[in-house]
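Given below, in the form of structure tokens, are the structures.
In the two complexes that follow, subunit A is the common piece, with subunit B as its partner first and subunit C second.
The block that comes next holds the complex of A and B.
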């Protein structure tokens, strides 16, 4: 073997060169140093990695972000109808002036930048811990990079059912902004919480959400990503789902030159549920990657993955999903669906829906389809006097509906559905 | 799952001509099958083919180097160009690294220098002119295996009314590194069909071999294919001329006998324009404690309007119940539909081998060409089966269909790994994939790793997979009718596999059903 420079080592070294660990108190410093060691050990992703087969991570790992012009979308804020507690981050920096006070009954909410300066904190057993668990069997170096270098985020500890949702609002202003946020959710036994996220956070955004659900806890997570087109995003969600708890996450993505959303769910107790879903609509040089890994460690848990993508003008959609059923995880019910609607000849859909099963009394299935719009349905609508563009939109919406139905709160689902409709009408 | 479950939308299966033949001949396929199942279940036994033939064998020196490659080439009386081809492959192989880290597989280390690359029964040193001159011990071996080497015999296992002409099957029997003999050569020659060992083809039909060898699986393809290109000792060669429907089924039977010997056979099948051939492949090996390597390459070229059916019943020695010994079956099989409307169909029943690493693939280059893959993979005890297919759609309006049934029992791991790729030019193409896994016991594993790449919009790709255990209700029903537990499982599993069993040629269907039952022996209770 000739001694060629190792691209992985090179990418890692040049990215780490420009970074220094943020000043932190003892508990956080310890977590950051551990994460940095993990990054150095596994190296940042390169295209040759099997897990990055369909998505080129080069711009996500480059020392500098690719500039992206901020776009003022002129649309109102999503989720306004549910009057959430609003927390605003501009280019990854907390904006106290436009945010609500960090105060809500039934929970404790702090900023990482502040709590991190302490020497002891309740989040110390969680921050970076769920991410570490999620590094095996597949490495997720971008998440470890985030644990080491995240500058801010929210730490939420819910002790009771909380009605009012928390909305993290991201705004993108700087053309070369490079943001890293790390959020931690700890939801106690019987407590519940709704977390919303929206907006483009920066030209390049790396985010991690660690959610720890105790027995019988419920978390509902809904986010929209968009609409700045040139932004690049890599997100990770790590959920640890204990006995009889319920975790739901839904993501709607409009555009974005590169988006990689990884969701890692681990069932640690019995009778729990996790539903993760996503809808993505992309036009032109759009690359959208949903990578999901669900591990069934307890008995009689139910997992659902529903991912739908509408692609046109050369857009690329990727789905990598996996259900891993560990030995002894009997009565598992695992379901996985990935579908793409390709609206023109240049778009493509790349999928790898996997099952890995080590228990016999299970029900696991997956389905994956890709194809064009149904000509018969289109013809039917046109024969009823619906003009072709509207008919296309109707069929596109009905295709995405199955994913939107995964959102438990109808008000949120309707809000997103209306936005989707408006987007399609504008892009006609 | 309702939208996906609509099987009616899958490409309509044509009734294949030979299936019609069977019906015209008044054969009650269903009834025959059920009887055979019952018989198989009654005669549940361990690996039947584990015996060893005590025969004097000549070995090339152990290990692999350029001299061994030269020796194999010389023993086969090959021309210079063939030797150069081999040496080039060998030099490339030396540069390659063995793929030791295959996801979901636990691969043992192979010492490539501790193997024999050429073993030949001593009696074959002077090639016998006819089967009458072949060492009776060899003939006895094939008789024990149920393989007819006399032309008046037919394959065992199929009963026919006395009034009927026996169905003929031409056989090329490969024993360790050499072809023992090929039957019905004269009759096939009348139709213009060439069926002989590949070593003979290299001598007799160099132009055909030169043109096609390595054109589907190039010597640089992968580690084991490159190794095979360097050291393949024998195998079968088939050429069907334009417009000819091969008058009988062709079959190759591979037998590993000698110890510490790798088997590297190479099969090349060419179906010229508008021709048809059905090809069967069977394999067995003696029981041994040490793992044996089998790295074969099969290349199939299907020209315009031609059709090839390739069926395999793979029953290499799987190792004992503790996972000791067994054959490492690392095989590269690929077919290319070169012409328009060409069609290829792979059917495989994989029950043997300690490790199976095999992905029979179809390159659908011609417009309107079709590829089909039907597979049953059964893994018991400590077996690992990693198998699937690649459907590469390049031509317009190409169709493919994949039906894979994986069964795991004991502590075995069974993986379907496959690729469906629709290239931008392959417009209006269609794929349907169905992967079902069945688990028997809570210590085994069943995995599905499909890759789907769709690069145009007018094509449709559908994939579905399910994993479940043997249905308790069905078992209970059988048990309540007085069927023993193991037999009941065998019946349910046969039902689970039915879609694939039905597309096998008659001779294999019976054998396959028996194998299904035997492979699962000891997996219940």
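The block that comes next holds the complex of A and C.
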């Protein structure tokens, strides 16, 4: 009797075959080995997995990345208006020559590639820890794969409010580049930090961000994922949100044949807030997946999910969002909104909004819609002299506005809004 | 100014005929009112002139000066000087009133080969016009018509009219949903725009709006046609006796 080959085991074995654990010091090596064991136990995702029903992970788990041409369009860097500390990664490698010095008042930054040799107490308990936490109740094997094999990233420890944002700039140069970056953010009691990310990073990009917020800490995270269309990206954000802390994350995605953004938020104390939001626009074989899991473990916490997608010419959008309210998490205020604007009949939006509530005094709501441009509004604008293409753009931007409003810093919001306008104008 | 000849219009959806040979001519500097019972085709007329989808013109013509309106897109009609004040102004969340108004004004100017208005000049222009309509700055900052009361929405329509300076203004039941004070404000706004180079077509159910905006000519519309034309006294007659006699007379 011969057993039928197990596709999950096969996919996992063939991916792991080509990988070796990066050279690391003892503590990091330990974390990586633990993650590798998790990957082997879980197996990499396949289409048949419930969590990957709407998005085919094959190209994310294949031994080699699918080639993707970098885009060179001369469009300026986002977020320039806030003069951030710039840290540049080219195809997943830190580029010291074009980066600022790793030096900012109120925090300590180390590169993951060098961290193994250092005695970083604060990072030792954290690297891979939030990812491990996030593996239950749903497995996220690509994140464990990242913990095991990430070649670089930044470890940031903020001990005070930090005004100047940190901007991680990802440049994609190689047609077959395959990058894994892993960042860790530890924000102490009362400290705050703004983290920005931009760029497509590589032909294939797997990224993990672990953010640990202590009591009263604040993190604002804003990223854009670049405009290279053929890139393939899987990102994970794991946020542990303690008492009275405040976590914000916003993602703007232009184009991309495959983007899977997972966000896992866990409230561990009372009176905290987490707002996660995203806006995505794409054409044709654009495939964009937001998968969000928010766990309320403390009382009187507020979570908001606002995700909007504009889909054209047969593009596909996916939203899987869950709010889990644990027993005792009374006075929870949970909100979830996922909407798609379908600009033609071939585009599709697949949504799976979920609430799971084990406390009786909570306020939770979710809404998910897919719709076309409002013809009445379009006529109203045109009747005032606004040409149809411009009127369409105004309405498209107005649809996305609610997501952009989740960005607290107006300068950042305006910058991204202008980029969206330019993207739309190019497609008139 | 506005010349409509033998206009026949049906609904695209089911082919139902709404306008059945309508003739109407409004001269420069004039205010014409159209009154008529529900379903007579008044709103259809305004939408067809402004270029809304869903209607097909099977016969006849409509000209603004020497411009063939029916050959143009809605935005081109606007640039040619046509303005429709909506019965139900549309709420558009996420688009600021000011952004919208400036985009519209500059798009029209561009289409006419005129120079665009600078931010500073535009702001000055809008503030001045808004003041006379008692529209406060806060309202201008809000998204188009979102959270506006019925009266605010109609005042906002008149503000757009004042800023865009069309030569032919169609007011589609602008009095609906207005209290007495709001009606006075809106009427004052309209009256302030009356001049020799501009014409108005005021569509209304009731005579009371015409107490404030005195028409030169009143038309009664029924079953897709103008059935009677007269002076302001015709509106008073309708107010007293209703449409029944006029309809019977037209049979």
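Assume the second predicted complex is superposed on the first by the 422 of 428 C-alpha atoms of A that agree within 3 Å, B and C clash if a C-alpha of one lies under 4 Å from a C-alpha of the other, contacts with A are read in each partner's own complex, and residues count from 1 in each chain.
Just so it is clear, contacts are C-beta pairs under 8 Å (C-beta built on N, C-alpha and C of every residue); 3 or more make two chains touch, one makes a residue touch a chain.
Keep in mind it's a predicted model, so treat the numbers as computed, not measured.
Asker: Looking at the combined model built on subunit A, do subunit B and subunit C fit side by side or clash?
Answerer: They fit: once the shared chain is superposed, the two partners occupy separate space.
Asker: Quick check on the superposed pair: does A:386 touch subunit B, subunit C, both, or neither? Answer first, second, both or neither.
Answerer: second
Asker: Report for A:208: first if it touches subunit B alone, second if subunit C alone, otherwise both or neither.
Answerer: A:208 sits against neither subunit B nor subunit C.
Asker: With both complexes overlaid on chain A, does A:375 touch subunit B (first), subunit C (second), both or neither?
Answerer: second
Asker: Count the residues of subunit A touched by subunit B and by subunit C, then name the partner with the higher count.
Answerer: B
Asker: Who does A:367 touch here: subunit B (first), subunit C (second), both, or neither?
Answerer: first
Asker: Between the C-alpha centres of subunit B and subunit C, what angle is found at the C-alpha centre of subunit A, to the nearest 10 degrees?
Answerer: Once the structures are overlaid on A, subunit A sees subunit B and subunit C at 70 degrees.
Asker: Can you give the closest approach of subunit B to subunit C, taken over C-alpha atoms and in whole Å, for the superposition?
Answerer: When the complexes share the chain A frame, the smallest subunit B-subunit C C-alpha distance is 10 Å.
Asker: Spell out the residues on subunit A that touch subunit B in their complex, using ranges where they run on.
Answerer: Residues 50, 327-328, 330, 335, 340, 342-372 of subunit A touch subunit B in their complex.
Asker: Provide the residue numbers of subunit B that touch subunit A in the complex, in ascending order.
Answerer: 1, 4, 103-104, 424, 427, 437, 439-469
Asker: Mind pulling up the subunit C residues that touch subunit A in the complex?
Answerer: 50-53, 73-75, 77-79, 83-84, 86, 89-90, 92-95, 99-101, 103-105, 107-108, 111, 143, 160, 164
Asker: List the residues on subunit A that touch subunit C in their complex, please.
Answerer: 374-377, 379-388, 390-391, 394-395, 397-402
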